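Two complexes, one shared chain (subunit A), two partners (subunit B, subunit C).
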Partner chain A sequence: MNPPGTQLCQSCGKMINSDYDKKKIKDLMRYDGSAIRSKTRSRSIFDKIWIFFTSIKVGVAIILIIAIASSIGTIFPQEYFIPVGADPLQYYTENYGTPGRLYYELGFHNLYSSWWFIILIGMLALSLIAASIDRGVPLFKSLKNQRAKKHPTFYKRQRLNLQQANTKNTERVIEGFRKKGYKVKEDQNHYLLEKGRLSRWGPYINHTGLIILLFGSMLRFFPGMYVDELIYITEGDTVQVPETDGQYYVENNEFIVDIYEEEGTVFDATVQNTNETIVSNYQTDMTFYENQNVDVVGAPPDLEVVEDYSLQVNHPYQFEQFELYQSSYDNSQMKSMTFQLEDSNGETVGDRFTVALDNLESTYEVGEGLAVEVRAYAPDFLEIDENGALISETPTPVNPAFVFEVTDDTSSELSLLQIMSSTDITQGNEYSVKFVENENHWATVLTLKKDLTLPLIATGFVIFLIGLFIGSYINHRRIWINDENGFNISAHTNKNYFGLKKEINPVLEDNGYGEIFDRDAQDFDKGVIIVEGK
Partner chain B sequence: MKKQTRNILRITIISSIVILVGVTLWFNLTSDIQAIQVGDEAVDFQLETLDGGTVQLSDINEDKGVILNFWGTWCEPCREEMPDMNEVYNEGHDDYELIAVNVSEGEQQINQFLASLDDELSYPIALDRNRDVTKVYQIGPLPTTIAIDKNGVVVDKQEYQLTKDDIHRFVELSTSE
Partner chain C sequence: MESTLLSISNWLITSAFFILLVALVPLSMSIRNEKKKFEKTAIIMTAIAFVMQISYFILRWVATGHAPVSNMYEFIATFSIMLILGYLITYHYYKTKVLGLFAIPVSLLLIAYGSLFSTDVNPLIPALQSNWLAIHVITVSISYGILSMSAVAGLIYLLKAIPENEKSWRARILEMIMAGIVIVLVYIGTTLVMKGAVGYSDEFMYTSQRGEAMIAEYHLPSLINYADAIPVEHIGDNQYEPADHFHTGINLPPVINSQSLNTVIWSIILGLIVYGVLRLIMRKRLMALVKPLANRADLNLMDEIGYRSVIIGFPLFALGGIFFAAIWAQIAWSRFWGWDPKETWAFITFMFYTVFLHLRLNRGYEGEKSAWLAVIGFILILFNLIAINLIVAGLHSYA
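Right, the complex of A and B next:
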């Protein structure tokens, strides 16, 4: 019995549906004429969804939409690349105007995690699975149930065929093909010779790989599977490692930048030729701690040293399933400011004093009987309040301002000092505080990574490539031979007919038969067989 | 393949893809919003206070409601609401405790601000030096004020300056059973 939709009889290869366009013989042979599953009768809602997604047109449309969306996603930077802390909506609107706003509203700023992109990927997965099952199952069946015996019209329909009167050499021809690696199936005096059937499974193996790959990338959204975060540590600070529930801490003992110097190596010439310094090493000397007191948030951690480690680029520190990478550094934050007292004649008085902005002392003794008291400090000076207090706009020391009180043996005087200017508060000040220099913090920026999906994604990729190789470089070749009514031979391959002819013709020639007839070549030049290629 | 097998296969594959995509979307949409909201249970914490002691939420929360006020000296609405809160606090606070959690500032800055106020603040100021508590509570803008009732449940949250009426409402909510 042939299921509905079958084009070629499964037992003999005779065309069942004579209405079928005879020129589409190639389509017909793709699944050996058996019915594509979606063409069978079915009516439930699941069947309708299924049939919709089995369509190659739908599949191609989904891939196209994904490709177009992905390319639109490269027009403006992804959210990952905009400055840390910036409000995305504001950033995109200010920098790219209305298109930027639209870009943000539609979720292109975070393309791979926008809801519609995830749904598209889900549709792609369904399309891959549905189309593969829909075509794979009948293909498997038809290849498994192949019979050697075919109707004479089947022979005629093949692109390569030949009929000759001499039937004496059939056995030798079969033997010739067997030597070339063909497997032979025999049914009375009908023969089926086949090799490279694996080629037909290439696309399905390929799709399996893709499905595994998509599944792996989906797992990245699941909690605990994927972490990619920045950790900012000022030199000397100890911070909690995020995503570990306060169990681990990292201390930045020292951040080091080494540069290449001339030291009698082959690199000397290059170092001489460039005006810039070339960094040879970024390194964080860190101490890794485990917290023994993780019960209560904010409670002072009870830290136990796990180990000291020198973190360099590409030499991550590993713990549990996490890795810490040296990622970047920052020295834009002000650490301390150094000042010098001057008298009214502009002569320096006393020693310099350094104010550490994170840890201010109330009074600095500068010698010669003088003391400087910090009466007020604003890290990011905005204005002076009604009651005389300094108002800071942010807690970050980007525009520090101080009220200093300078005291000598007899008197004291006040002055307001900002980076750019200094104002006397008391009248007729004798001393002025001059800004000398400032020192910035060195902070290291580390990347915390964890990716449990990587093995799955790698497996998917390898399977994908194996499938691609099998589908592209192996040819499925089949030859049918019988000597029922003269010597009959016909051949089919899923690609590279030229190669197939080159394989068949020497065997035929050795046994006294002519070259095999190529219907496609015939079409070009009546009656004359032309050699393809070259 | 039998028709029944085919149907089961189709239904299973379609449903599992729909479910997996749904779960992925759900994880994706919820990953950003972990802030403690009204109705959630408050997370216990322990912090040092400005006067050198320690304060632990669960200790106070045993028999009192708690109001958490996250603030910074550089934040103008914070500075403006604090004297009001002090006034309400001084009217009596037997049933609740008010903790002003300073977000990661130096003691010099805090003391400088307190000195500029007309009246001394009576309620304790906790120091969240490493933003541990701020992070756990996912505090966005300052000031943010949270009311916790005696059962340890967050009953109110406001992410802008409190008026006196707001403060009274917070007190009422945190002390209600």
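Right, the complex of A and C next:
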């Protein structure tokens, strides 16, 4: 009936293996003496793999390796924390020197998604599964088939034990424990009192939760489960929301940055003392649209307002399975530039004129008979080609350059103008165009997120937490009593013997018995002992 | 109105500090004296101090409108308050006095250290404007307070179990922990003297990693400075002019926080000097000084406390430090987990305590082994609470 390797007889609790260390009380009771698979079979390759993954040593080693590896990942920032668009090799070398370069070469800049880190996590999952089945199944069986009747040696081997002659009050003791929530199982004059068995399932519940969580995080690699994109919207623009097949559009009506100012609050001193401004709010006032023509092929979008929403940090906007987050903003791109004409004496001539960079006019009238014509424009000036045209490095207006032609009643002249410099193209120019100021675009950057793995991961973690709390906060307490040859009581708990004694002693005392004897406690009354683990 | 509340609140936490300090006297007397009155006095004083600290917390919350857990000082103060809570809970169950003799000084040391940071109230940046701030940080600090009890019990265990004259690694490492405590004490003392009493202040202008001109205020002579740092003096209205300050010329790239490193180096040098002088006077290891107190403890009880506080603190940490944190990260940063340094170190702390529990439950790591693990756990907590914010610039560096 009992598989080889079983240490305690499941019906009487007597030792089966005579060579077993008789002083041991802890290992013996862990799985209630029943055999665990990894200790009984070791022949086939499967058995060997099974033994490897069920080993606590191996499990602990995997956890430690994962923890140490994770700490390496915090020495320098991971790649996704470095500025967008920066060349990683260059970035790590420039900022962190040779160690930084080495960090990059070894692949530590993407440590948490590296193949070896994922393999470690996979091994942890296997270890969780194997160890839980290996120990959980036999434990379940033996706790389910518990008997009230135990051999006298079983009583002696428990940490808490008491034997007294008086058997008159057995019933009252049982009743006392029943009142404290113990379930009583009776077999002639043998009693098993038990509570908090749920505690023993805690580890298996929390391991199950972790396995669900790890499974859930794997799902992210499947298409359609996970979307993470940035949406860049200049103030006043409306853009299509990616990944929605043109069904949704979002408009940035206004992007707002608020800062804290001195306004008679308790924060005034801090606001005054700091050199930096403290931002109080990032907000995109947005309008969310649905395209009514989404099913009509080739039709222009017919946008219907769904909702106006003020998108702030910590207050994402939800639609369908997606969420929009206020991520960051950008005001580095120029919207318009304002210029002023001067004559050769440095006196201003005519009115200022403003060139809107995304909506260039060809001619700006600045005064009576005086006009400035834009002959060429490059948003991100690189060089002038052979034909005299301006070459732009990128289409974004970060370093604009113009060729202006200034015409008055008598003549016309050309000049090349950049933000910082102005070069005459024609000889002996009478006028010069001076840059006065520029206005920048305010663009908001939103994160579009869809994560269908979330419910599974959250469920996994909640199960984990429930298991953890059950295993930690509930104590599995068992008391065995018989009055065959005098009153005999012994008790076992998976943890907190201190609390168990506090529960047992008052009941014993009320019925005229002495305090229960604690095999562990007697040692330290004698003086210093050091309990060495094995 | 709010500023009055704030001054009351500051007064409360300062007074609580001194009450706890004084409470150590009857507490240490209660160990030798059989009479209950010293013990009772000490515990009542500790409980009063705790109530005052909680009042500090509530009043500061009312005054600022947000839970006072938004900068370095407030984090550390909260942690030290929860340590007192941890002790009171442990006392309630186990009536241990020796634990208090170690736990209260640790709490006092922490709050003294925390008060070296700016104690001003500051408004919340957008990412912190959430109810999750209070939920997440308060749960984490309660769990830290309880987990710390395991380390304090572990330390007492080691002090009692390891002979003071033993020529072994375990004795040397324990003595190194003692030296570390001296260094922290010296650091607090030096900073209070140099910054507060002497008013030593050298300003240096340097270029930060982002290319911005920054000012570093040194309260100790500069042994280590930022690359291309120039000694300057503030002439008012955010204007600086070159000046002449002491510096060694050893400069490091702006990736490293040279100012903090400078303070660390000074603390280690001065701390080791003080430690050396103490050793010369005492002619024995420093652990011999506190060992008589630890010897009063019951080893099995310390082991029990060491284990139970992990078993109670760890699930709370998983709840507050991982689960609540992940929910908030999902709302604020659009991802529940991002391997930010602070997140990663919370994960490492989490993994460490799982190792603790597995070794204890399955491989019989009890007694001394368990005590060592508990002490390491506390060091990890401190590292994540303090060092990560000072060393690495991640999303959590609000201080």
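The working rule: the second predicted complex is superposed on the first by the 438 of 534 C-alpha atoms of A that agree within 3 Å, B and C clash if a C-alpha of one lies under 4 Å from a C-alpha of the other, contacts with A are read in each partner's own complex, and residues count from 1 in each chain.
Everything below uses one rule, namely that contacts are C-beta pairs under 8 Å (C-beta built on N, C-alpha and C of every residue); 3 or more make two chains touch, one makes a residue touch a chain.
Just so we're clear, the structure is a prediction, and the values are computed from it rather than from any experiment.
Colleague: May I ask you to decide whether A:218 touches subunit B, subunit C, both, or neither, giving the answer as first, second, both or neither?
Modeller: After superposing on A, A:218 lies in contact with subunit B but is clear of subunit C.
Colleague: For the three-chain arrangement built by superposition, which of subunit B and subunit C touches the greater number of subunit A residues?
Modeller: Touching more of subunit A: C.
Colleague: Please indicate which partner A:67 is in contact with in the superposed arrangement: first for subunit B, second for subunit C, both, or neither.
Modeller: second
Colleague: Touch check for A:270: first (subunit B), second (subunit C), both, or neither?
Modeller: Only subunit C; A:270 stays clear of subunit B.
Colleague: Is A:393 in contact with subunit B, with subunit C, with both, or with neither (first, second, both, neither)?
Modeller: In the superposed model, A:393 contacts subunit B only, not subunit C.
Colleague: Is A:240 contacted by the first partner subunit B, the second partner subunit C, both or neither?
Modeller: A:240 sits against subunit B, while subunit C stays out of touch.
Colleague: Is A:306 touching the first partner subunit B, the second partner subunit C, both, or neither of them?
Modeller: The answer is neither, since A:306 touches no partner chain.
Colleague: So, does A:370 touch the first partner subunit B, the second partner subunit C, both, or neither?
Modeller: neither
Colleague: Touching subunit B and also subunit C: which subunit A residues?
Modeller: Comparing the two interfaces on subunit A, one with subunit B and one with subunit C, no residues are shared.
Colleague: Quick one: which bits of subunit B touch subunit A in the complex? Just the residue numbers, please.
Modeller: So the residues of subunit B touching subunit A come out as 1, 6-7, 9-11, 13-14, 17-18, 20-21, 23-25, 27-29, 31, 43-48, 56, 58, 72-74, 76, 104-106, 108-109, 112-113, 116, 128, 130, 132-133, 136.
Colleague: With touch defined as at the start, can you tell me which subunit C residues reach subunit A in the complex?
Modeller: 2-3, 6, 63-64, 93-94, 120-127, 129-130, 160-161, 209, 215, 238, 253, 255, 298-300, 303-304, 307-308, 311-312, 314-315, 318-319, 322-323, 326, 330-336, 338-341, 344-345, 347-348, 351-352, 354-355, 358-359, 362-370, 388, 392, 394
Colleague: Give every residue of subunit A touching subunit B within the complex, in rising order.
Modeller: Within the complex, subunit A touches subunit B at residues 37, 44, 46-47, 49-50, 113, 115, 118-119, 121-122, 125-126, 129-130, 133, 137, 218, 221-223, 239-240, 246, 296-300, 358-360, 362, 374, 376-377, 379-380, 385, 387-395.
Colleague: For the complex, which residues does subunit A have touching subunit C?
Modeller: 26-27, 30, 56-57, 59-60, 63-64, 66-67, 70-71, 73-74, 77-78, 80-81, 95-97, 111-112, 228, 260, 265-267, 269-271, 273, 275, 278-282, 312-314, 316, 323, 325, 327, 447, 449, 454, 457, 461-462, 464-465, 468-469, 472-473, 495-498, 520-521, 523-524, 528-534
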